[in-house]
Amino acid sequence: MTKNRLEAFSDGVLAIAITLLVIEIRPPEIGEGETLAHALWAQWPSYVAYLVSFLTIGVIWLNHHRIFTQVARVDGPLLLLNLNLLLWTALIPFPTAVVAEHLGDGGEPARTASALYCGVLLLMGLAFGALFAWVTHTDRLLHRLPPPGVVRAARRRFMLGLVVYAAALALSWLSAPLALALCGLMALYYAFDQASVPAAAEPHGQQPPGRSA
Amino acid sequence: MTKNRLEAFSDGVLAIAITLLVIEIRPPEIGEGETLAHALWAQWPSYVAYLVSFLTIGVIWLNHHRIFTQVARVDGPLLLLNLNLLLWTALIPFPTAVVAEHLGDGGEPARTASALYCGVLLLMGLAFGALFAWVTHTDRLLHRLPPPGVVRAARRRFMLGLVVYAAALALSWLSAPLALALCGLMALYYAFDQASVPAAAEPHGQQPPGRSA
Amino acid sequence: MTKNRLEAFSDGVLAIAITLLVIEIRPPEIGEGETLAHALWAQWPSYVAYLVSFLTIGVIWLNHHRIFTQVARVDGPLLLLNLNLLLWTALIPFPTAVVAEHLGDGGEPARTASALYCGVLLLMGLAFGALFAWVTHTDRLLHRLPPPGVVRAARRRFMLGLVVYAAALALSWLSAPLALALCGLMALYYAFDQASVPAAAEPHGQQPPGRSA
Amino acid sequence: MTKNRLEAFSDGVLAIAITLLVIEIRPPEIGEGETLAHALWAQWPSYVAYLVSFLTIGVIWLNHHRIFTQVARVDGPLLLLNLNLLLWTALIPFPTAVVAEHLGDGGEPARTASALYCGVLLLMGLAFGALFAWVTHTDRLLHRLPPPGVVRAARRRFMLGLVVYAAALALSWLSAPLALALCGLMALYYAFDQASVPAAAEPHGQQPPGRSA
């Protein structure tokens, strides 16, 4: 089972999931004596939910890509753990739609929508953590095992995600908007953390021909 | 007609079909005096249907990938048989939506929805079996024909799928949830069976350069 | 502008268009005192439309692939002509949905739906013919110009498609189901015609490394 | 982080966004005593919006492809700037749907819909300009920095887009159809401008093996 087709399939699912988010933003219905501009403003939770989910799936893609750059071999458990990660990631448009519809309601609907959203992200985080743990538990699947310090730092980053998503889940009962903001901040943190990775971290076996010179 | 573009197109269709499943899970309408949490629980058939269909399409992808790893040459009938397989696989979101909507109704709607679902999976299984039979009927399309014992074992696995999907179809009239559970178990069995394939089964001609050393 | 990314983008659009067809088949609404089984049968035009459109887009993919196997160079007009072909192909789910909804109505709606469907296929056929004419008008874009007899035969096949789609468009006013059947037959003809192409037609420059030995 | 997977992911998102446009064109509801033909004509804004958005996303793909042909190295900021571009591009189906629904209404809804549409294109243009500025601010990410005249010309083209989209945004308050026509013209201009790029502009390091002879 070659790695290339696994990456292509995963990229496909992630690209589709991130692009499907937009179909949950519907043209608003204009109420009696209301302007379209007002109706568009009124559905701000849709835009917030789109933004947070887009960032989150984008970061999942960045992390997925980064891990698989190191992977040399794909075994059966990795296939299943990857499918499990895709299962939760592909589900994200659903809680996004629930948040878009109910965040503006306040009260129980807003709290429940936010808890559902954070809960799905938490399960996605657990799935991603399990995949990462499997990949790094020996050097069997990797080009070479990164230095222990690097692996430990990556595990801390995964742990941080789980703690933050769990905190956001709990925060949902106090303030749904704050819980969502926390999820958005998490994605932003991951995005900038990713972006700071030096290009040199790439394994030699994967370098494009033109770069060895 | 090169194999690469056939794989890329099939991967695309499978990745889209698996990701489209989520758009059948809609934010629930909240009834008079009902909480969102309750309304979300009430649509459990949607989640069950998503899970079973996601696993099923995931396993179709795994099997498809595994067969095409062995394929060296693509001929006309294989193109058509592959298109036929994609036709039934891409259809799966439809019976999934019917099950999601009617499994909770019980009675005739639940039975019919389940029968439709199992029927489409049976037709998909027949399409997949036909493709596999064509690929393995000579060694013309393969890198090399696997040992007869391996081919026979693979054919038994396909046969098992057909028998189980036919049994699930029949079971729909007794218990729709049991019939769906059977389809889910079938996908799980295939998933774990796939996962146990040793990496060494990969043909030499397909190994990435870095692995021959 | 390399050919690979053009093919990847086109494959993506075609794979998505073919898979999106399914979201036009909705779970039926069950009328008063009606069974789900009956309601499912009643929307047979949806299934017919899905089948014909799936075959048609599948054949577009086969033909697209076959032409681009021969292409060595991509120039500006080819980019635009390809985008034009994708424009009409990506539109197919819309007339498919109109046919699915109105074929069973008979009368004006069925006729108009069928005419719309055949009209879009005709425009797609014109777009495809223009692309093919551009590719084969000199040997500048090809690995080598195929023998004149082969090019003439291919042009006849394109012409046949245009004539048949125009005939189906006219036939819509007499019988919408017959017009659609004609579109379906056209796709089947192309599919089997494609399938009979010998594998040896592939240009040498495109053979994967392992096959030259 | 290799360039290939970035391109594959971007191609996926762009291919999906361009193909999703069609699901905003719905089969029309037929009013009392109305023909389907009339109802189809009545939703002309849907077709116009589809056409303009298809062209626009098609041109984004062409430009994206063209820039990345020159890119040799992907760093963190480029990843984020690319994700930002995809965020606005993947959003385009939403303002497209709003325009499709409200352009025919005239008055405030038409103006607001048009302003929303042009505003999203303007933000997309800013995102694209930022990506281009980052890529060309040194020669660190490129195979080699193109001649200053070429970079200046490309910057002028980006500037032109921003000016035109801003003008279209302002024009929305005078005439929504004119504003949209301006966006369509912009896409056409870019398409033909792209199409006129000589094939020789491709960097040597990227040439397919067969072309160096």
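Note that the chains are named A, B, C and D in the order they appear, and that numbering of residues resets to 1 at the start of each chain.
Keep this in mind: a contact is a pair of C-beta atoms (placed from the backbone, for glycine too) under 8 Å apart; a residue touches a chain by one contact, two chains touch by 3 or more.
Model, not experiment: these values are computed from the prediction.
Q: Specify, for the interface formed by the sequence copies subunit B and subunit C, whether it is same or different in terms of residue numbers shared by both sides, with half as the dividing line.
A: Both copies, subunit B as well as subunit C, present different residues to each other, with under half of the numbers appearing on both sides.
Q: Please identify the chain with the largest separation between its CA centroid and the CA centroid of subunit B.
A: It is D whose centre lies farthest from that of subunit B.
Q: Distance-wise, how many Å sit between the C-alpha centres of subunit B and subunit D, to the nearest whole number?
A: 36
Q: Taking each chain's centre as the mean of its CA atoms, how far is subunit A from subunit B in angstrom?
A: Computed from C-alpha means, the inter-chain centre distance equals 25 Å.
Q: Find every residue in subunit D that makes contact with two or more other chains and list them.
A: Only 8, 12, 16, 20, 23 qualify.
Q: Could you run through all the chain pairs that touch each other?
A: After working through each pair, the chains in contact turn out to be A-B, A-D, B-C, C-D.
Q: What part of subunit A is in contact with subunit B in the complex they form?
A: My answer: residues 1-5, 8-9, 12-13, 16-17, 20, 23, 72-77, 79-80, 83, 86-87, 90-94, 97-98, 100-102, 108-109, 112-113, 116, 143, 205.
Q: Write out the stretch or stretches of subunit B touching subunit A in their complex.
A: Interface residues on subunit B, with respect to subunit A: 7-8, 11-12, 14-16, 18-23, 25-27, 30, 35-37, 40, 50-51, 54-55, 58, 61-62, 65-66, 69, 191-192, 194-197, 199, 202, 206, 208, 210-211.
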